[in-house]
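Just below sit the structures, each encoded as C-alpha cells.
Both complexes shown next keep subunit A, but they swap its partner, so subunit B is in the first and subunit C is in the second.
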Partner chain A sequence: MTFRISIIGFGAVGQGVAKVLLCKRETLQNMGVDIQVVAIADSRSSLINSEGIDLEKALQAKKTNGRIGNERTMSDSALEAIRDLEHELMVEATPTNIKTGEPALTHILHALGSGKHVVTSNKGPFIHNHATLINTARDNDVMLRYEATVGGAMPIINLIQENLAGNTIHRIEGILNGTCNYILTRMADEGLDYHHVLLEAQELGIAETDPSYDVMGIDAASKLVILANTAYGNNVTFADVQITGITEITPETLELADKNGYTIRLVGEASKDLLTVAPKLVSKKHPLAIRGTLNIATIHTDLSKTITVSGVGAGSIETASAILSDIIHIYKKHKAH
Partner chain B sequence: MRVSMDIELKDTPGQLVLALQPISEIKGNIQSVVHCHDKRTPRGTVPIHVVFEVSKNGLEEVIRRIEANDVIVARVDEKRLREQISVMLIGHIVHTDIRETIDAVDSTGYAEIVDLTMNMPEIKKVSSAFMVIAADGENGLALALDILRTTAVEKGLLVIEPIKENAIWM
Partner chain C sequence: MTFRISIIGFGAVGQGVAKVLLCKRETLQNMGVDIQVVAIADSRSSLINSEGIDLEKALQAKKTNGRIGNERTMSDSALEAIRDLEHELMVEATPTNIKTGEPALTHILHALGSGKHVVTSNKGPFIHNHATLINTARDNDVMLRYEATVGGAMPIINLIQENLAGNTIHRIEGILNGTCNYILTRMADEGLDYHHVLLEAQELGIAETDPSYDVMGIDAASKLVILANTAYGNNVTFADVQITGITEITPETLELADKNGYTIRLVGEASKDLLTVAPKLVSKKHPLAIRGTLNIATIHTDLSKTITVSGVGAGSIETASAILSDIIHIYKKHKAH
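And then the complex of A and B:
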C-alpha cells in the first residue's frame, strides 16, 4: 500500500521531514512502509507530482531559490494548491501562530474533513481548539497525531495516550523549553548575567532574535496546555496558565540557590485544576535539574507511579523524527483496516 | 507535635512499660525509643530517649502520668514546627521593608521563617533571599506560603517556590 503524503510548510521542520524520509528510505522499505510525497507547499510556492516528488531535488531547489516550486499567485493559498490532490496524509509544519493557530487550523480541519490523516508539529491550532480538532478527526474516522508539538524528539504525547493508557494522571511536571533551560544552566555555571547569556544563546541559534516567546514562558505554556488537554481532556486553553518567565532571575539568585543545594529551572506543572509555568527551586540531585537544551517530563500516575522521560526538545531532524514516528503509526493502522 | 523526652528508669523489670504506656493511653504515636541498657546516670537510673507525636494538650497529661508511675522525666524538647519548605525571593527585598515581610509569616502563629540568607549585589540591583519556612503541619505551611505570595505581590517581589518533592527522589 502506498501512502501519499503532502507536506505543508517547508521551513526547518518541513525540510527535516523530507531529509528524514530520504535517509530512511531503506529502513522504511524493509519495514514494508511505502511513503510517497506528492505535494510540498511553502509560504509562496508549491510543488505537485502525483507520481512522487524527488525529495533531493526539492531540498536543493529550496536551498538555491528559497522556494520549493512554481510560485503561486497571491490569491492561492497552500491549501488551494493541494485541494484537489488525492492523498492519504497531510503533514502540517507551518510556523506556529500562538494567537489564532492559523493558517494551520484551517489546513488541518480541511484535511480531516476531506478524509485525510494529519500529522503535525504545529502547536497553534491546539492551544485554542484542541477538542474541535480531536472531534473532527473522530467524526471523519481519520487519525490526528501531534507528538511533534511538545518536546521535539522526546516522546510524551503518545507516552501518555498509549503506554500509560488506563492510568489516572495526577500531575505532570516538565521542562519544556530548551532555550530557557540553556540560559539558566549557563548563568549558574558561569555566573554570567541574563542578558549576556541571552546574546550567547541567540548567536548559537538556541534563542530567536525575538526571544520573548521562550523567555517569557509562552512557549512552555503552549506545550503545557497541549499536555493537559491530552492527559485530562479538560479543554483548557492558553488563558488558563499562570505564567512567569525567567527574565528576572539573576546570577546571584542562582548562586544563593546553589549554596543551599538547589538550582532554578523553568518548570511547567499541570494538574486537573492548575496550570503553571514558573521558575522553581529544584534540588541539584533531582532529575528535573537537567542541563542545557534538553527537555524532561515527569508524569505522576496512580498505577504506573512516576514515569520520567527526557530528550532533545528541538531541532529540525529531531522534530521530524517525531513526525516520522506518527506517520509510520498511521500507516500501519491504516494498512490494518 | 513532635516531642523528644529523656526519661530515667529504675533498674527493675517492668519500668519501660510504665514509661511508655501513658503515651499510648493518650493516643500518642511513639516513633523512636533508645534504651541505653548499659548506661547509668549519676543517680543510678537507666536513661531512655523517646521521640513521639502527641497533641499540644496531651503532652502535659503524658508527663503527669509518667511521673505518677514513679518514672523520672528528665527533659522534654518540643519540636513544634515540623514541616519545612525552602523558597527564594528576588527583588528589592530590604527596601520594601524586609521586617514586614518576615513578620507577615511569623505572626501567623503556626509558621515561622527559621532561616534567611541574602545576596545583595550593587545598590541599584535586585537582591535575592533564600528562606526556610517551618510550620506545624502541611496546612500551616500552605497557608504561610499563601501569605508570602500575597505579600510578595504587594511589594513587587518574585517568589521562587520549590517543585513538589516526590518521595521516590528523596
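And then the complex of A and C:
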C-alpha cells in the first residue's frame, strides 16, 4: 500500500519532514512503510506530482529560490488543487498563529472533511477549538495526530493517549519552553541579568529577534492547553490560562533561591480546573530543575503514579521525527483497517 | 465487542490487574472498552466462568484462602481448560523465572498458537528467546505486548516502538532497578554502609529477603535484554550481558565521588553490540542521578536526539496500569481490524 502525503508549509518543519523522509527511505522500506509525497506548498508556491515529488530537488529549489514551485499565494487555487488531489494524509507544518489558528485551522478542517488523515506540528488550531478538530476527525473516520505540537521530540501526547489509557490524570507540570529554560539556567549559573542572557540567547539562535512569544509564557501556555485538552478532553482555550512570563526575574532572586536549595523555572501546570504558566521555585533535586533548552513534563496519575518525560523541545529534525512517528502510526492503522 | 481475557498468575501483579479492572469499570465503559475476565489461574487453583468472573469475589477468596478456586497445580488440566476456553486475550502474570522462562514461556507460546493476544509482565520468556515469541505472534496474526516487563509504569517499550519509529537508536542507558537505586541513594546521603542500608531496605519491603536478584544486577540485566531486543531486534539473551552488582560499593567510594560532583548508580547500557550492567560514576546534575526507588532510561537517537523517561519501577498497581494500557491498545486494534 502506497501512502500519498502532502506537506503544507515548507519552512523549517516542512523541510525537516522532507529531509527525514529522504534519509529514512531505506528504513521505512524495511519497516514495510511505503510513503510518497505528492504535493508540497509553501506560503508562496506549490508543487504537485501524483507520481511522487523528488524531495531532493524540492529541497534544493527551496534553498536556491526561496520557494518550491510556481509563484502563488497559499490561500488560493494551489491549496485547492492540493485539497482536490487524491492522497491519504496531509502534514500541516505552517507556522503557529496564536491569535486565530489560521490558515492551519482551515487547512486541517478541509483535509479531515475530505477524508484525509492529518498530522501536524501547528499549535494554533488546537488552542482555539480542540473539540471541533477531534470531532471532525471522528465524524469523517480519519485520524488526526499532533505529537509534534508539544515539545518537539518529547514524547508526551502518545504517552497520555496510550500509556496512560485508563489512568486518571490528576495534574501535569512541565517546563515547556526551551528558550526560557536556557535563560533561567544561564542567569542562575552565571549571576547574569535577564537582558544580558537574552541577548546571548538571541546571538546563539536560541531566542527569536522578537522573543515575546517565548519569554512572556505564550508558547508554554499554548502547549499547556494542548496537554490539558488531551488529558481531560475539556476543550479549554488559550484564554483559560493564567500567564506570567520570566521578564521580571532578577539574578538576586535566583541567588536567594539557590542559597536555599532551589532554582526558578517557568512551570506550566494543568489540572482539570486550573491552567497556569508562571515562574516557580523548584528544588534543585527535582526533575523539573532541568537545565538548558530541554523540555520536561511530569504527569501525576492514580494508577501509574508519577511519570516524567524529557527531550529536545524544538528543532526541525526533532519535530519532524515526532511527525514521522505519527505518520507511521496512522500508516499502520490505515493498513490494518 | 466484548473482549474476554484470562489472567494466568494471581500474585501481586495478577491481583493488581483484577483490582484495576474493578476500579476502572466505569472509565473503561466510557472509553467504549468492554472487558470480561473469563478465567483466572494461580499456582494452585483456577476459576473459569465464560459469563464473566466476579472479580471482587475472586480477590476476596484469594485473600481469605490463599487460592481462588479448586485445588490443582497450574501445569495440569486447569491450564489446559483455560487454553481451550474461548477468549481473546491472555494476561501472563506469573513470577519471572530467570533460568528457564518457564512456565510463562509455555503459557505464552500456547496462547499465541491458539490465536489469543497476550499481554505480560513476565521478563523470563523474553530474555531467553525474544525472536521466537515475536515470530509466533506474527505467524498467528495476534498481538504480544510487554510494556510491564520493564520498569513497571515507566513508559519505555511503547516509546521505542511508537514514538521512536523510524529513528536509529544509538544507545540506551538506564537505572532499571529501584532497590539498588534506593540503596545507593541512602548510602550516599547518610554515609552508611551497604549492609546497613540493605537491612533497612528489607525492613521497608524495598528489598527482598534474598536480595541477590536485585543487588547482583540480574533484574536490571533482564530488563536491559528486553530493551535491546525491542530497539535492535537482534535476539540477545541474558547470557550476552556483562554484569557487575552493587555489593562492593563502599561509603568511602560514594563520598569521594560526591566531592567531585558525582554519585554512583547501577547503570544498564545497551547498544547494538554491547550490553553491560555496572556501577558507574554519574554527574549529580545528570538525569540518571535519579533518587530513591525510581527507574529512569535515556535513549540516544539520530532524529529525536535524547529522550528520557522515568517512573515508578515496581508495584502491583503501577505494573497493572502498564498491563491495562497494553490491553486497551490491543482491544482498539482488534476492534478496528
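Here is the rule we use: the second predicted complex is superposed on the first by the 331 of 337 C-alpha atoms of A that agree within 3 Å, B and C clash if a C-alpha of one lies under 4 Å from a C-alpha of the other, contacts with A are read in each partner's own complex, and residues count from 1 in each chain.
We take it that a contact is a pair of C-beta atoms (placed from the backbone, for glycine too) under 8 Å apart; a residue touches a chain by one contact, two chains touch by 3 or more.
Note that the structure is a prediction, hence the values are computed from the model and not measured.
**Student:** Quick one: is A:Pro287 in contact with subunit B, with subunit C, with both, or with neither? Answer first, second, both or neither.
**Tutor:** After superposition on chain A, A:Pro287 lies in contact with both partners, subunit B and subunit C.
**Student:** In the overlay, answer first, second, both or neither for which of subunit B and subunit C A:Leu324 touches.
**Tutor:** second
**Student:** Spot which of subunit B and subunit C makes contact with more residues of subunit A, would you?
**Tutor:** Comparing touch counts on subunit A for subunit B and subunit C gives C.
**Student:** Touch test for A:His300: subunit B only (first), subunit C only (second), both, or neither?
**Tutor:** In the superposed model, A:His300 contacts subunit B only, not subunit C.
**Student:** Report for A:Pro279: first if it touches subunit B alone, second if subunit C alone, otherwise both or neither.
**Tutor:** first
**Student:** Looking at the overlay, what does A:Glu248 touch: subunit B (first), subunit C (second), both, or neither?
**Tutor:** After superposition on chain A, A:Glu248 lies in contact with subunit B alone.
**Student:** Between subunit B and subunit C, whom does A:Leu192 touch in the aligned arrangement: first, second, both, or neither?
**Tutor:** neither
**Student:** A:Val309 in the overlay: touching subunit B, subunit C, both, or neither? Say first, second, both or neither.
**Tutor:** The answer is second: A:Val309 touches subunit C but not subunit B.
**Student:** First (subunit B), second (subunit C), both or neither: which does A:Val267 touch?
**Tutor:** Touch status of A:Val267: first partner only.
**Student:** Answer with first, second, both or neither: which of subunit B and subunit C does A:Leu79 touch in the superposed model?
**Tutor:** The answer is neither, since A:Leu79 touches no partner chain.
**Student:** Looking at subunit A, which of its residues have contacts with both subunit B and subunit C?
**Tutor:** On subunit A, the overlap between the subunit B and subunit C contacts is residues 285, 287, 305-306.
**Student:** With touch defined as at the start, can you tell me which subunit C residues reach subunit A in the complex?
**Tutor:** 20, 24, 27-28, 31, 147, 153-155, 158-159, 162-168, 285, 287, 290-291, 301, 303-312, 315, 317-318, 320-322, 324-325, 328-329, 333, 336-337
**Student:** Mind pulling up the subunit A residues that touch subunit B in the complex?
**Tutor:** Spelled out, the residues of subunit A in touch with subunit B are 171, 173, 244, 248-250, 252-253, 255-257, 259-260, 262, 264, 267, 269, 278-283, 285-288, 298, 300, 305-306.
**Student:** Using the touch rule from the top, collect the residues of subunit B that touch subunit A in their complex.
**Tutor:** 86-88, 90-91, 117-119, 121, 125-130, 158, 160-166, 168-169
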